[in-house]
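What follows are several structures.
Common to both upcoming complexes is chain A, partnered first by chain B, then by chain C.
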Partner chain A sequence: MLVSIQNIREIPKKVASTNRQYLAVGIFAMLMLTIPLGAGVYPNTVMVEVGFYSIVTMGLILVMGFAGQISLGHAALFGCGAYVSGILTTQYHFSPWLALFLAAVFTGGVAAIVGRAMFRMHGLILAGVTLALNLVFFHLISSLSDLTGGAMGMMNIPPLSLGGFTSQNLLFNYYLLWIIAILLLMFSLNLANSRVGRALRSLNAYAGGSEDAAQVLGVNIMKYKVWVFVLSAVYASIAGSIYAHYTRIIEPGTFMLQFSALVALMAIIGGRSSPWGAFLGAGLIVGIRQLLQEFIPALVGGPSGSYELIAYGIILVVALLFLPQGLFPIVQKAMPKKKAIMS
Partner chain B sequence: MKVNLAGMKSVAVPKKERRSGAVDAPLLEVRNVSMAFGVLTVLNGVSFSVPVGNILVMIGPNGAGKSTLLKLISGLLPLQEGEVWFRQKRLNRIAPHRIASLGITQLFQDIQLFSNMSVIENVMVGCHLRAKADFMSSGLRLPRARVDEQSVLATAMSQLSLVGLEQKAWANPGSLSWGQQKLVGLARALATGSELLLLDEPYSGLLTVEVDKLNQLILELQRQGITTLIVEHLTDILMGIANQVIVLDHGEKIAEGTPAEVQHNKRVIDAYLGSEQMADEGS
Partner chain C sequence: MDFSVALQIFLSGLNLGCIYAALGLGFFVIYSVTRVLNLAQGEFVMLGGMLTVSFYTMGIPLFSSILLSVVITALAGAGLYRFIIYPARKSSGMTKVFLTLGCAFIIEGIALRVWGWEFRSLPAFFNTSSIHLWEATIFGQTPWVIGITLLMVIGLFFFFGHTIQGKAMRACADEPLGARMMGISIERMALFSFVLAAGLGAIVGALITPLTMTSYSMGLPLTAKGVLAAFVGGITRVEGVILGGLVYGMIEAITAGVIPGGYHSVIALAILVSVLLYRRRGILLTAGKG
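The block that comes next holds the complex of A and B.
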């Protein structure tokens, strides 16, 4: 039987469903860009926090959800971006925008070197090694006090500025962060539906892929693991740099294991099968955290931090038991039906 | 069933090499390959060669080392002793993806379709080496990535048509029958454009009609110059299509020749065919 022209003509129709993704991104972008207009300072501040976490989580989803590689070291990558940006602008007086770019290149470079060694390992050992990244980063930052300010951290990091606005301005920061988040979402979705995305999914043994099968089809599994980790590091670095220029103060305690665990939790809750999961996970967890910070001290007294950890633990267990694929598939099912090429 | 390979662009031997006469050399040469897992010797000094366009069938009882040998050729297992040559290039210590890019691919006994992708996407992964789109061009959806994607999609669809499953293109592989999954696996392997197909028990679990279809397909591939190395238990089916048969027993090659020669080889009868006959008589 010959390949009918009709079959080939059907292909663009199927691919057209990716246009639906663009439509979804467009609607999402409109929504996110109009939210701050009617909202007050508090909701906008919370949404900025969601934006930071969404970018880092999106990168992690590419590594975990697509390539099936565990990473519990994203705090180090986020911190690397923040510190390199901070050092370049405060110590060497680079422009903050250039610093942001160089920080992403540096963090990506570090991820490439670390990734080559790291991805020779699998499973729990890989998880352990990525966990160790947080510790190495923490001790490195703490001990290089001349450059980083040590345990005291760095202060007076200059803000990003554009057209007379600076990232000290909440709205400027909101738009900057969310425009970048939406652009990275587009990039990630394009990647997911491409040759690269398929190669990444082919080696995800946790979701039905097979490294052996991928290799005999010509997929260089080490290259893809390392490159997706590099990309993920660049995402984290961009978020870290913006964070540093937004808060203007950074200290090592921000970039510890708890941050990595939180981002992993967001990826699990939101759904690892799609970059959209990052926004769902980050939105939900940050929202819950805000509620806990608001209500728990009022109800039972004491600081909310200890309750947060308990809440995260409960959320994780519940999610793994009842929503192992995260929230995204549920949201996807609730959306108007029209068969997409891939979930 | 009529099989049409019109959709296949990448066919075995490049014209340049046909002209140069390089095709006279064996496509694949396995020289004195041995393999042991700890104290267990799985292969012991196995040597053979496969000319271009041949259908070589490797038979042997369970544990004879057939599947291990396929994995050594495709690079999934590192060679401990001996050499594997493909088109006069030594494959020792070459990574599996590089071996695939040289023109060897494998269909696994358990198929290993990617259940996190649709059927067509599985086959599109098979086209991985045909495309060049990288992280940046894919993420930015640059024109060359879009063109690449369209071409890969069309090629993948043509491979699916080849095995008669184009109607299942958008299905999940898990929803297909075992036989259909095998055909998708074959389409995926063919999509690589490889010159040498390593098929590990491709007939197991197939219905009679599917066996006939697969036989026809393999014969058609042979006509197109594609070389096939099949590891199988179902000897009767294969004797009709094989040019060359190798029999392994306990990791050693005990016979090699045409199907007729091997069928009359006493060692083979004793080690393998004989035991089947005895089993048949017993039943």
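The block that comes next holds the complex of A and C.
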């Protein structure tokens, strides 16, 4: 215990220098916001997909990488955003923007209630419970057919619109999604650097913390875990709402366990220690999927779905065995050092 | 509620309960020896079902097909331990959970490649699709489900409670250092637990295929249900897993009988999660770390 307390005292106040981070975010934002102008429809569609995954994964990284809690149920939070948005706009004719906001509030509220109960447990049971909760969500939306359309799903969800553009417009949707993703990235990075971020890291056994020791030091561990889970739910819900208004059709199968597992995989491969990992993980996985869809039919024939699953599995296993911290630390090392920028 | 309805609900609850209990046993076997939560367990069940269907349609007699599929699935279990878990045996529980998840992806992908996305089924082991019992009707498969689950339970109970090998396996998780000092090879015991769990999973897969049909994507949902049943009862004890499975099955059957309209899965899962929240270490309040 004493050792753990000592370890917690040694957790750095900040993860990285603020200015360097802002610079990195600035460069990233410029890059992401200029790319679509030159790229065609296909790359932009792929990047939109990366955007959705990135936001959900970023939320998961807050729970898994910052606070060190397992969640295998993020598809339910994503789906909750999508379905609340869909129900409010199609059944009650709310404005899509208001629906997006209300969905985030609702999902956050649900996460607060569920989180308070769920985080009384820790360790591996959480993996089982979150899987089960995801299944609860799936069966719930499948059986509430009056409200959700049941297994057939919901159709004709109105798009988000702003100043004459709607989210049926690919570029509009791209910018909407990526601006939100970058704002959430900024928020997450600041959170990591703040007092709250340090408290969260003190819970995380994988970042040198310990829940018991943190509690001894006066960190209200339940409060922080629930808060970070709510925040993560809000991220997932925003992505879910935009997804619902973008595709305009949602069905329960999308929000099944496979999606949760995929998001967890992205978080691990990208690097759980930083929100940047979300973009690396989502980009890599979606990129590999696109490559396989491009080349498998030509090389082997037949659909590529099975090879995608095998590739995800192999990547996850290899990453955990040889690169347990994910890609982010490697990218971080490859970045120019502080002095190099100054000179 | 008259007698025949109650009997009907009880029998279908028993049927479901035995399925969930049998699913949970695989998690128990691996967890009680290695403290690994194996998210690929559902994939072993799927693999068992799929392989049995394939061998059976090739013209091999049913019980030989089951035997073959159990052997192949057990080999897959050995592979999972030797090539994926063993190299990472010193890492954290979270890492191991995600390693098994990676294995689940791989098995699912291979199954999709080999069998496609179609659902497959088997005839019931007796050649009757339903049996009339007093005033209730049960699936022809139900006696097999109950009987084989009972056999597995008795076998595991005897093995882990009353044989040297079984006690040695439990010691690996309870007191690893002590076990090693007594000359027990923890790695070999862990390997054996994965083989055993995969084999049991394959039997369950063959057993439930006539009832529920099998497809490549049913692994993860089965995993979720099995884990829940195991945790609710208490994953470190056979009795706990059986109790958890039976409670789960009974609740689902009762809600399906009382509340119309397909809400039974939601309600049963929700009740089970609530029970787990209330009794964090399982209904039996098992000792040791939750």
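We take it that the second predicted complex is superposed on the first by the 322 of 343 C-alpha atoms of A that agree within 3 Å, B and C clash if a C-alpha of one lies under 4 Å from a C-alpha of the other, contacts with A are read in each partner's own complex, and residues count from 1 in each chain.
Just so we're on the same page, a residue touches a chain if its C-beta (ideal position, glycine included) is under 8 Å from a C-beta of that chain, and two chains touch if they have at least 3 such contacts.
Since this is a predicted model, take the numbers as computed values, not measurements.
Visitor: Applying the touch criterion given at the start, work out whether A:132 contacts chain B, chain C, both or neither, answering first, second, both or neither.
Guide: Once the two structures are laid over each other on A, A:132 reaches chain C alone.
Visitor: Given the touch rule stated above, what does A:220 touch, chain B (first), chain C (second), both, or neither?
Guide: A:220 sits against chain B, while chain C stays out of touch.
Visitor: Mind working out whether A:196 is in touch with chain B, chain C, both or neither, as first, second, both or neither?
Guide: first
Visitor: If you stack the two complexes on chain A, which partner ends up touching A:121: first (chain B), second (chain C), both, or neither?
Guide: second
Visitor: In the overlay, answer first, second, both or neither for which of chain B and chain C A:25 touches.
Guide: A:25: touches no partner chain.
Visitor: With both complexes overlaid on chain A, does A:212 touch chain B (first), chain C (second), both or neither?
Guide: first
Visitor: First (chain B), second (chain C), both or neither: which does A:70 touch?
Guide: It touches chain C, and chain B stays clear.
Visitor: Taking the superposition on A as described, I'd like to know which of chain B and chain C A:170 touches: first, second, both or neither.
Guide: neither
Visitor: For A:249, using the defined touch cut-off, is the partner it touches chain B, chain C, both, or neither? Pick first, second, both or neither.
Guide: So A:249 meets neither chain B nor chain C here.
Visitor: Using the superposition on A, tell me which residues of chain A are in contact with chain B and, in the other complex, with chain C.
Guide: None.
Visitor: Report the residues of chain A in contact with chain C in the complex, numbered from low to high.
Guide: Within the complex, chain A contacts chain C at residues 68, 70, 72, 117-118, 120-125, 127-129, 131-136, 139-140, 142-143, 205-206, 256-258, 261, 264-265, 268, 305-317, 320-321, 324.
Visitor: Write out the stretch or stretches of chain A touching chain B in their complex.
Guide: Against chain B, chain A makes touches at 1-4, 7-8, 11-12, 14-15, 187-188, 190-191, 194-199, 201-202, 204, 207-210, 212-221, 227-228, 231, 273, 339, 341-342.
Visitor: Can you list the chain B residues touching chain A in their complex?
Guide: Against chain A, the touching part of chain B is residues 2, 4, 6-7, 74-76, 95-97, 99-101, 104-106, 108, 112-118, 121, 124-126, 128-129, 131, 133-135, 138-141, 145, 148-150, 152-154, 157-158, 161-162, 164, 166, 170, 188-189, 191-192.
Visitor: Sort out for me which residues of chain C touch chain A in the complex.
Guide: Listed in rising order, the residues of chain C that touch chain A are 37, 39, 84, 87-88, 91-95, 97-99, 101-113, 217, 220-221, 223-225, 227-228, 230-231, 261-263, 265-266, 269-270, 272-274, 276-277, 280, 289-290.
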